[in-house]
Structures are given as C-alpha cells and as structure tokens.
C-alpha cells in the first residue's frame, strides 16, 4: 500500500506524521512511502533523510494522487479536506467530540478516517496511543514554557547574595501530561503541589515526590476506562476551595485537566486569577478543549493584572523532532495492526478499529 | 543619604536596582529611599511593596532631584546620562572595558560612577559580586531558553512509542554561568560536555557530573586572579579541534566564554555552524562582549541552515524577580561597605572602592 | 566433685558458648552447608568405633564394630564431600 | 600426661579462642571501656588473695595477705566503677 | 615421645573443628573451613589408628578390618555424595547424619555389652549415647525418606500421647540401666528398639517444608551422642567435636525457625494442629510461592556474574530509587555486571522509570530497552524485579483472554533466578494474577521495596 | 549440699565473665555487660569467703581482716574511680591494673614462701605469676605516671640491650626457682625486684600517645598472672577470668595497633628509633591533629542528639551527596536530628551545594542558612564537615591578614565535637591553613568523602 505524507497546514503544526525511521519500518513491512518535499523540515528531518530510507519525495499533488492512505498529524483543516481524493484513508488526530463539523466534512469528502486520538486506553493499544506519547512531551514542555515565562528561577539556591527561594508550582490534573510536568518541575527544583479528582492519582503523584492536595469525598469519585465518570459539582466546589491557598501562593500553574474528550472543566475562574501573585504564570494546556482557566486564550499569551496566562494547546508541536518520532512509531504500530501490504482492514469486529474508525463509507461513526 | 531608584530605560531591561527587602535594609541602616513609580513593576514588585517598607514613591524628575546616589542596573544609556544631576553618585553596571564612550559621557556629566561589574573577585567581596549573582541566574536561564527553542526534550525516556534519546549539550566556558548551566542541563536530563581553558575547571565540571573535554597543553595555561592570563592561539586551535566532534553532535550549545572583561573569544566559526546538526540550537551568552559564535547577533534569534542561534546577552534580565533580589542584596552589601548615612566614601586606599570607582571628579579612572 | 569432672563441666559449658559464638551471624543461604559441615564434624564419632573395633575380640563385636566403622566413615566422608559440593556456588568468579 | 592436665590445656586453648571470638568486631570507641572492663575482670585475682589471707598464720603473711586483699579489691572496685563511668556516654537518649 | 603425639594430634584436630566451623559461617571462607575441618578429621583418625593405646598400653587390634571398614565407607560415602543431585542435598545430609547416629548407638551398645555400667556417670553417658544415637538414626532415615517423597506425613489421633509415653518409657529404662537398677544386654537391645521407634514416630507427622529444621535438630542430637562417646573413652576430639556440633546445631535450629518466623516448638509440635502445615512456602491458586530472605537474596546476587534489575511502579511508590542505585554500586564493586531492564510502560507515565533512575544518578548507559535485554535473560544469573508486575507477566504471551495479551513483556522467567520485591501477592495495574510468582526459579522478597532494598545493601556489604 | 554450692557459684561467675565481656563489645549492651560481670565477681568473692575449704575441709581464717581489707579497698577504689576526670580515665585504668598485678605477685610470693615449688607445673605457675604480676605492676605505675605527665620519655643508648639482658636474667632465675634448681625466699624477693625493674625499663621509653596500647598489653599480662593464681589454687573463676582477659586483651592490643596502622612490635620497640614517636596524632604547624576512625565517628554521631552536616566543595568532587543523604536517613532513624548548614559560597558556583543535595533528594526543609544555623552550633553535639574548608575557617573572623578575613563563616568550632572529612591536610580554594583542624574538639576522618561516607553508613547500621 502506498502511504502518503503531507506538509501539515494547520497553524503552528511543526510535526510530521512519519519520520524516516518509521518510513523504514513501513517499507520493510511491504508498504511504499511518498512524501511531500519539505514535509519533515520543520521537525528536523530534511528530504534527504527520507530518500535514504527508500521513500519517494514528490510534490503535494503527486502525493495526494498516489497515496491510498495518508498519515497526518493535526486535525485536518477545511482546505486539506477539500484536497483528499475520494476513497483515501486518512490516519490523523481528529478529536471527534470537539470537532463535529470536521467529521461531517470528512464524511462528505468520502474518505475513511482513523482518529488516532480515539485509541482505546488499553494495555494492548498502548504503543499506538498518541495521546500518551504526545501529552507526555507536552507535559514536559509546559514546564519549560512556564520556566521561560516566569521571572524567577525554579531551584532553591543559597548564595553569597542571599537565598533564592524555590518556585511554587501547582498542577491541575495528574494524567499523562500532568505527571510528566510534575517530574520535570521536580527535576528543576520546584516545590510542586498537585490536584486531580481521580483518587488513585494520589499515590502516583507522591511516587514522583510531589504533594497531592486531598479533597474531601475524593474517594467516592467513579472511574471508567481510566477516565472520570461522574464528577459532582459539589466535589468540584470542594476542590476549588482546597486548592485556593496553593493557587494564590503559586508562581507557576499548569493545568492539564480534561474529561474524556469533551469540554475541559473550568478550574480557575477570572476572579481567582485576579487574586493570584503578581508575576505568576499559568500555562493552560487544555485550551484546545476550551481551557481550564477562564482567562486563557487558545495558543496565545495574555497578561491579566500581573499574571501571565499562556494558552498552550499544542505544546507537543513545539518539540517536533521527538514528537514526530513518537507519533510516527504510534502510526507504524497502528498500521501493523490494521493494514497489510495490500490494503487496510475496516473490520469493526476489532476493538481498536471499531474505536478509531470515525468516518467510513460517507458515514460518521460516533 | 537619599538613594534613588529609577525605571530602567535600556531595552529589554526588566530588573530593578533595589527590591523592597533591600530598601528595608538600607532604611534600617539610616538611608532614605526614593523610587520612581513603576520602577519595580516589571520585576514583580509593585509600588505598594516599596511604600510598605518605608520608601517614598515619586515621579522620575523628583527622584533625580532628591537622590544623592542612584542605584541602577543596566549600563546607562545616553538619555539617562543626560538626566543625572552633576555630583550624583551612580552605582550601576558599566563594563568599562567594553564601553569607553559611556564612561567618557559619564565623566563629562560630572557624576561619580561605581561599576558593580568591576568588583574584585576576592572572597571578601563575594557578597557584592554582581557578576556571580547575575551570571548564575543567566546560566540557568540559558538552558531554559535552549530547552524552549530546541525541537527535542532533554531527558532520556523509554516509552511505549519508542525511546527518546537525551539531548546532547555542549557548553563553552565553565565560569559561574557555565557551571550553573551544567547543573541545570543535568537536572533536566541532558548529556553534557564542557570545554574551558582553565585547567582547574575540569574538577569543577566533573563535580557536577558532566564530561570535561580535555585539550592537550591545557595544564600550561596561566591564571591570574581567577581569569585566564595568556592563552596562546595554539591552544585555542587545539581546543577547536578537540571539541569539534562534540559540537557537530550537539543538539544544544551554550557559550559563556569571556576573557577578563574584554572582547569574547570567537569559539564557533560560521563554517562550523554550517556543519552542525539540523535543528540544533546555540545560545550565545557572550553577545554583549561580541559573542562566542561568529553567526550570533546581539539579543536576537537567527536561523542559519537549520541551526537556531540565540543571542542571549542579558538573560538575567529575563528572570527579573530573582535577579533584582540578588542585585539589590549586592548593592546593599556594597553600600554597607562604602557609605555611611551621611554619604559615600571615595577613599581609593580601599581595594574595593579602588576597583569599582571608574568615574570620579570628571575623570575616567580605568 | 573431683577436679577432672569439674573441668569437664567447664569444658562443656565453654564449648557450648564457643559453638554459639562461632555461628553468630550466619546468612541463611549458609544454613544448609553449615548444617552439613557440622554433620561431617560429628562424624568424629568414628574414632569411638575404631577404638571399640580395635579392642573387639568376639565375632559379634567385630561385626558390630565393623558396621560402626563403616557407618562412621560414611558420615565423615559423605558429610565433607556433600558440604564441599554445596559450597561450590561460593567459588569466586574469575 | 594425666587427664586433668590434658583437660586444663584444652580449657586454656578453648578460652583463648573464646576470648578472641568474643572481642571480634569492636568499634574503636569501645576499646578503652573494653580494656577497662577486662581489667576489672582480672581483678578476680582477689580470690587468690582471700584464700591466701584465709590460710595465713604468721604476721608477715597476714600483712602481705592484707595488702594483697586491698590491692585486689582496688582492682575490682575501681575497675568496674571506672568502666561504668566511661560507658555513661552510651546511655540511650530519652 | 610417641605417647604425647596423639594428644597433640587430637588437640590440633579439635582446633581445626573450631576454626572450620567458624569459617563455615561466612561465604568467603566456607569452602576453606570445610577442608580444614576435614583435614583435622583425617589427622584424628590416622592418629587413633597409629597411636591409640588403652590404659594397659596395648595398641589397637583388627587394623586391617578397620582399614577395610574405612575403605568401604569411603567408597560408598564418596559415591553417594558426588552422585546426588543438588536438589537432593538436604536428604543426603540427613542420611549421613543418620549414619553418625547409628555409629554412636552401636558404640554405646558394644560398650554396654563389654563393661555394663561402671559408674553413674559412665552409665549415663552410655545410655545417653545409645538413646540419642538411635533416635537420631531412625529420625534421620525417616526424614530422608520423606524428603525423597517416598512417604507422606502420617498423623493419627493420640499420636502425641503415644510419643510422650514412649519417650518417658525409654528414659526410665535408660536411667535404670545407667544406675544399674536394671541390667542385661537384651534390655539394652529393647531400649534401642524403643529409641528407634520414638525417632520414627517423632519425625513422621512433621511436614516436608519443616524437614530442614528437623534435620538440623537431629544433627545436633548426633553431636551430643558423639560427645557421650568422647566422655566414655575420655577422647577429647570426640568431646569437643560433639559438643561443638551440639551447641552450634541447636543455635542453628533456632535461627532457622526464626528465619521462618516460627518458634521451634511450633515446628516440632505444631503439626498436630490443623493449620500445622503453614511454612515458608505458601500454596497459591497456581502453585507454590517461595519466599526468600534479604540475606539469601544478597548472597545470590553477590555471587552472580550478571544481575538485571527490573524496576516497576512499586519502585516509584516506595521511592526506592536511591537505595537501588546503591545496590547497583555495591554489586558492581563485587564484580557483578548490573543492568536495568526498562519496560516501555513500567510505572504510570511514559518515562516514569527514567525519571526515577535519573534522579538517583543511575548512568544512562546502564538502562537497556526491552528489545535489547530480552535475548540476554537466558544467560542472566539473577533478575531482581523491584515492584514491577504487569510488565513481567508471562500471561501477556500465552493467555489470549488476558487484558494484557499481546503486550510485549520482559522475559525475566528465562533467567536462572528471579527475585521479586513487592509487598504482597496483590495484582498490579491490570488487576491480573501473575504466574511468574509461582515459577520454580522465582522467589519473593516481601516488603516495601525501599526497606527490602536497604536490607539487601546492608547484607551485601557484609559478604 | 554446701560443698557443691561453691563450684556452682564459681561456674556462674565464670559465665558472667564471658557474657559480660561479650556485651562490652557493643555500645548497646556494654553498660549492662559491665554490671553483669561485676555481679558475677561479687558472687565469686562472697562464695569464696563463705564456702571455701582447703583440701582438709577447714574454712578460711582471718575473716574480719579479709572483710576489713575489702572495705578499705572498696572505699579507696570507689573514691578514686568516681573522682577521676573523664580525661584521666586511661591512667586510672592503668593504676587499677597495676594493683591487680601487685596482688597476683604478692599471692605468688606468699605461695612460694609457704610451699616453695612443689612440682614443675606448680613452680612454673608460681614464678610466672610472680614475674608477670610484678612487671604488670611496675609497668602500669610508670604508664600511670607518664600519662599524668609527671614524667617524660626516658631513652638512653643500649637501653634495649639492658632490657633484654634483664629479662633474660629474670626468666632464668625464675625457671631455676620453679624447677627447684635454686631455692630460697630471698632469691624470690630478688627475682621480684628484677621483674619490677624490667617493668619500669620496658615502659620508660614508650611515647605518651602509645600508652593505651601498653596499658592494654599490661592488662592482658595481669590476666595471665591471675590465671597462674587460678592454676595454683585450682580455682576455675581465676583461671577462666584470667585467660579470658589474657586472650581478649592480647587481641585488643593488636586491634588497637592496627587501628593506628602500626604493628605491635613497632609500638613496643619502635621507640628506640628516631621516628618512633609518630602515632595517631600528628604534630602540625599549629598543633596536634587527631584522627578518628569511621567506627568512632559513627558511634559519636549515632549517640548524638543533633548532628549538623556542613557540605563543601569536597562533597561535590567526591560525588558523595547520595551517601550523605543516606547517612542522614540512618541517623534520623536512630533518633538523631540532622540538619545541613549551607554556607553561601560553599563549592565553586552559587548554589553548588543546593544542586548536589537536591540531586540526592535531601529535603529543602533540612537545609539551613548560615545566619540561622550559627546560633545553634553551641548546642550541637556533632558537626560533620564534608569536604569543606574555607567556609569553616575561623581565620576569617580573627586573622586580619587572611585573604578571607571578613567573610562570615559557619561557627562549627563552637559545637561539642567536629569531625572533618577530607583527603589530606591540604588547603582549600583560598589556599590558607585552617586552624580548626587543630582544635581539641576537632578530629579528622581522612579519605575520599564518598568512601568515608559509605564507611560511616555501614558502621552506623551496625550500631
């Protein structure tokens, strides 16, 4: 099967769906690769590198014409959807719950779409799980972005010119991104506090040396498939109160809280922002899903009353080299599961195909 | 004595010469403080905080009129020099060797200037040593800036989507900034190699867990007062050869090399840059002194053949809260040494005054 | 109590202390080899059988004595060899 | 060699082993207290002086014996008390 | 001259026993200690044959027969000892111990036949040797047979009563014979039979897992029996060797019980109660779980060539990374090659193990990816699994119904020895049983990983 | 009944000696061990007075006088022992040891006076007790006087020759008397004089720093002398106690020499050569440097209430931060409060110590700034300086000529005990001597900081 790679057209997207190493694996598995010239450049992979592993470098139109399957990263833009020849399979991020319009457009274009982000969070599917691989990098990067923006250094230092106190950090959400953010912030020497509403995260947070802010009644939160099932407003209110002291003392705040693909919960109100420390920084990683902070704006930085709020929806794209490497590996593993050299299987008996195949035969499946 | 603090006018300067805590110490020592409204805002210290410790907040003109001594951070701009009333003492960074014109202008303005950067690097003067306190922060920040710019994450990670290899970092110069950069990069998980031409830095570098690149003949380099005395071109050439392999493999390069206040040595040529890894990043911390990298530009970021080169001359100013705290403490210690409540001593018998008093009685002293 | 018996009692008490002192802190992997080594040492009972055999005159005694010597030897030889084999694993790696 | 002497020799050899075994791994801060404690123990020589004194009849012997008892007691009492004082520092903190 | 040679040889032999036993207590010197004691034994035997005289000064007779007996014993003993499989060692020890007991009993029997009971002391020694030797013999043989698995545990109601009665009878008859209140060789034979029977009944009900303790106890019995012989013949090496083994063996028995967290009484008598069979090994759904002590684990690792550490989420929970790095250092100092096998999904976030190990300053070069380390397991001596579970669960390869089926795992079960550190038999993230824990080459080191790790480090330092 | 009571009391006493000595070997049990041995001693003394009979069955005479003697000895001994200053303990031990030696010598003398030499064995024991007791007495007294600093080292040419000659003469005369080749009480008195003189000459040339070794040696001598008494009277506690002290004392002497890195011969005879005075204490420009072993340092810290660790550049060079954190943990487990005093310029870059300690996961709360910790030093039990030098140099406060004059430093010298870990006496960054190292409350633990630190941790675990 010919797999095509295109230059990503979404704003700020620097990743590429397959890096040379992943192309090599696919070619070994019997597929052929055609890539738009310059598609990997922003991620640090020049055309040469692709040619070396046996991929064919071509113009965009050529790629679109030849590829039976297109490996893609960002949610396809309207322009991109318009280009796809009918019958093409597209493997990409879609976030079906948040982007019904995109889905409809894709269905209309007559393509089959596999949503990498809809991968089941099972042990078996772990090596195809792009949410894990990308959020992990994003969690790291959120700390770096915060460290870059705040007017302080992270670690404690006792020097001849006095003692520099360590940065106080508050992290909302200890999922994949949150945990990596904890680890990175601890490495840099910050004092880290964390809140989440899944009770089992307490142990995980502590296993990384951070402090978990316990909320009364947390033990009753129900979990389904790794995601929070039903969160009462009461508990969210209690959480808000429990973390307020830490929030107002924090120098850097990172929010990562999501609820199973839907709209992100609002965890920091504008009123709370106004009471935060002068000079503090919030990195809101949930802006793609509406944001955890009321004052945050998607992909831009705003300053409100001395507090800098950074909308970091797509931080993985800012470490494109590693992000593409991991994304590519996920795609390779996924293709190994769903495709043979002669084509892709759309057998929805398979749990993984069932979960990811969101558009097929002109129909939206979710 | 009335000490004045002005809003810094140099471009990109976000620090303030005295923070509220330092003002409190000075007031306790019998001085009075007058500060331009908003002078501390960028550094995270609103006017309120100054008022609370007993400082007087006023308009710029008022401060200039009342202060017998002005505590300042950045090298004074022409505009600033023009404002100083004759006879005022100015405590500031000057870098006399690099800025003869500024010195001349200051002398002409009839002010007395203490260059904080000319502080002797003795044990006694350590708590007034702004080069140490500021370069230390800058060294930390250089790594953060590098981490923010590079398309990779620093640590090794073995994940379900494959292994992410750690960033390779090369650091030129293991002075105060270089050592802190090593420590920070190690914390984030990078593999760090270091080059310096003072042989004793080998042990210091290794004490931080990094690898020192030994250069043949290094043991013969002479040191005077902590600075390199005579470096032959031969050894510089040998160094260039010894580090080349590491340079071409590096993902992030930080250069901090200075030679006793003068022009920084050129350590990375444009030709070498062209051979560096696609996607790598150079943070040149010596651009204030001409830069260690031929292709770097002061305070801006350029990309040359896939290599991003960041001119980071004044990185301490990007962590203004902590930087101002430490600078302020240095100034307080310095004033404790040179000033009584009734005024400043210009007694050049004193080693510290002799070294720092660069302009006095209309004369340039260096 | 005569001096000799008294001394014997002291000897026995001291031996008991010494035995306990000697074992002191033994890692438990060595429990079995140690037991086996001790087993070999009490094979010293063979000396008794040799003496008995050496003084035996009637056939019954000779047969019994011979049996005792054989059994004692089994204890000694088997004990030391088995112990040695068990201790093979502690041979230093080269 | 008679049985009693033989046993005495064994006794002495075993004692020597036991003494060495007992000291084994002693931290060097304990060297002085240990020496002092051992010093007190050999004060047991006082028993000899008591026996001698108990059988003494002529004045010279009585005087010498008395001296021996006093000296021996000094050894015993001084030894134990000094040792005890030295060991004060190892009293557990409360 | 000649007559002082034997006492000297005997003294030397006695000293070698002491030194040998001492050296057997440390892994470093144990082999040498065994050889030294063996050498002393040869001296004592040769000396006896060459120089022994009775009070009248006559040398030993029947020398050819004696040498013949020794030759026969040597050949049989040697053959048995070198042929036995490593796994069958304990029963072999038991067997040889029984031989020693029988020998002691025979000596006493012959002594009684020849001289009867000369004095209370002499009689007591004779009877003690006879009774203890007999019990040791028959008990050891039963232990041997049980360990060979040719016999199960036999218990019947009133067993304890029968045992106690028999023992009492044996002791009373023995005392009477010793004090010459009763006399006669047939009675002595009856006594022997009674003692033999007691030995059998004593060991019969005790479970297989407790056998090592029983053997150790019978071992110290034989020591005492040998000492009785020493008393009879005023023979110092027998006395010294016997008592030494008697006291050391008793301590060893107590220590063995302690390391099983039980009292000696519980081991010997606990079998009569229903739950008696509980011991170091636990029967689980899938088989038997073996526990290992920190000391044993330490010795295993210290004498290994290669050790692979498999960190998991438990390492993070216990915050044992620093202790783990220290273990690595200690092992490397002992010449062991140590690597870490990092599974891609170990822990609870990508790179969790990397974060921890970096914090503890473990060199990147020591971390090996799953694909690279898997082929190395068959040649690995010891794998130390630290709080990992799912990532080493063989079910992922075999059990299609398992939720982790298809996930590549670390094939630790191929290594010679696997030591698993965790707090309990509880499941990991995936919530499934792990068959690895029941494998014959796996042993569990239960407890918080940090505590266990520190214990390991301390033990390794002592080796 | 009564006549078996004494042997039992004696046996108990002997056993208490063994147990007491054993317990004296560990800090945890030492006090108890001393009390136990003391208790046994009381039993033995009381038993002797009450129950002792000679072969004829007569009890002891002169009981009032005996009790009087004991009373006198007790009062004097007690007074001396409780009054002596802690620093004068070693000479006190020496004094009491001398008393024991004198006692043994007196017994032998009286025995010889009463009975002469009955047999070779008896004579040998008598003479050995006389000679060894006398040497021990006079030697101990000289050691006592020297430690009280009332006498210096006295050496003259040919001293060794004189000593050896005298010793030979004493031994020959002693042997002759023992074998009855010579007889006569005056000769015995002469022999005593000779032995006393030898004791004096033997100790005279040995340097003050080596006195503990000499005292330990003389201590084991007295033990042997006491054992001779035991042999004379067939008295088991004397024999047991004496030999026990003789063997343990000899080992202790050897161990003490070893911990000074010297052989016992070097200590005893080395004084005749010029460099003989070298010992654990080194004379430096500014005074004497005391070394401390890891074991001692460990005990000091484990029994402290508060320990403050002062890290310096050496910690970084040695990469000892992980081991240091472990030390902290071990100490805290023992109930010791541990803090880190971080000097603002320790290391080679601002925050150097913070970076290291954070890497080792030391809690931020344990790091204390200079201004805060300085007032706490006077109440600190032990300060452990790890590879720091300039930052604890008191010259910064006092010596205006010093390049570091005026720099605020950590006032560690105010603590009760300071232990300094470094590799040598070399200077730090500022290149200047550090007077702290010569203070009386400072001791040096030389070696690479990581190695020393690991040794400390291992030792503390054993306590």
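As written, the chains take the letters A, B, C, D, E and F, and residue 1 is the first residue of each chain.
In this text, a residue touches a chain if its C-beta (ideal position, glycine included) is under 8 Å from a C-beta of that chain, and two chains touch if they have at least 3 such contacts.
Owing to the predicted nature of the structure, the values given are computational and were not obtained by experimental measurement.
Counting hops only between chains that touch, chain B reaches chain C in a minimum of 2.
For the pair chain C and chain F, chains touching both partners: D, E. Among the other chains, the CA centroid farthest from that of chain B is the one of C.
When you average the Cα atoms of each chain and compare centres, the chain farthest from chain F turns out to be A. If each chain is reduced to the centroid of its CA atoms, chain A and chain B end up 37 Å from each other. Here the CA centre of chain A is 69 Å from the CA centre of chain F. Our note on geometry: chain A versus chain D, Cα centroid distance of 80 Å, whole angstroms.
Looking at chain E, residues 18, 22, 240, 344-345, 350-351, 355, 358-359, 361 sit in touch with two or more other chains. Within chain C, the positions touching two or more other chains are listed as 3, 7-8, 10-11, 14-15, 17-18, 21-22, 24. For chain A, residues touching at least two other chains, in rising order: 126-127, 132-133, 136, 155, 157, 159-162, 164, 187, 189, 209.
Taken as a graph of touching chains, this assembly fits none of the simple shapes: it is neither a line, a ring, a star nor a complete graph. Shown are all chain pairs that touch, namely A-B, A-E, A-F, B-E, B-F, C-D, C-E, C-F, D-E, D-F, E-F. By the touch criterion given at the top, residues 5, 8, 11-12, 15-20, 22-57, 61-62, 64-87, 89-91, 93 of chain C touch chain E in their complex.
For chain E in complex with chain A, the touching residues are 313, 316-317, 319, 344-345, 347-352, 355, 358-359, 390, 403-407, 429-430.
Contact residues on chain F toward chain E in their complex (touch as defined above): 322, 325-326, 359-361, 458, 461.
The residues of chain B lying in touch with chain F in their complex are 122-124, 126-127, 132-133, 136, 176, 179-180, 183, 187, 203-204, 206-209.
The touching residues of chain B, when paired with chain E in their complex, are 155-164, 166, 189, 191, 209.
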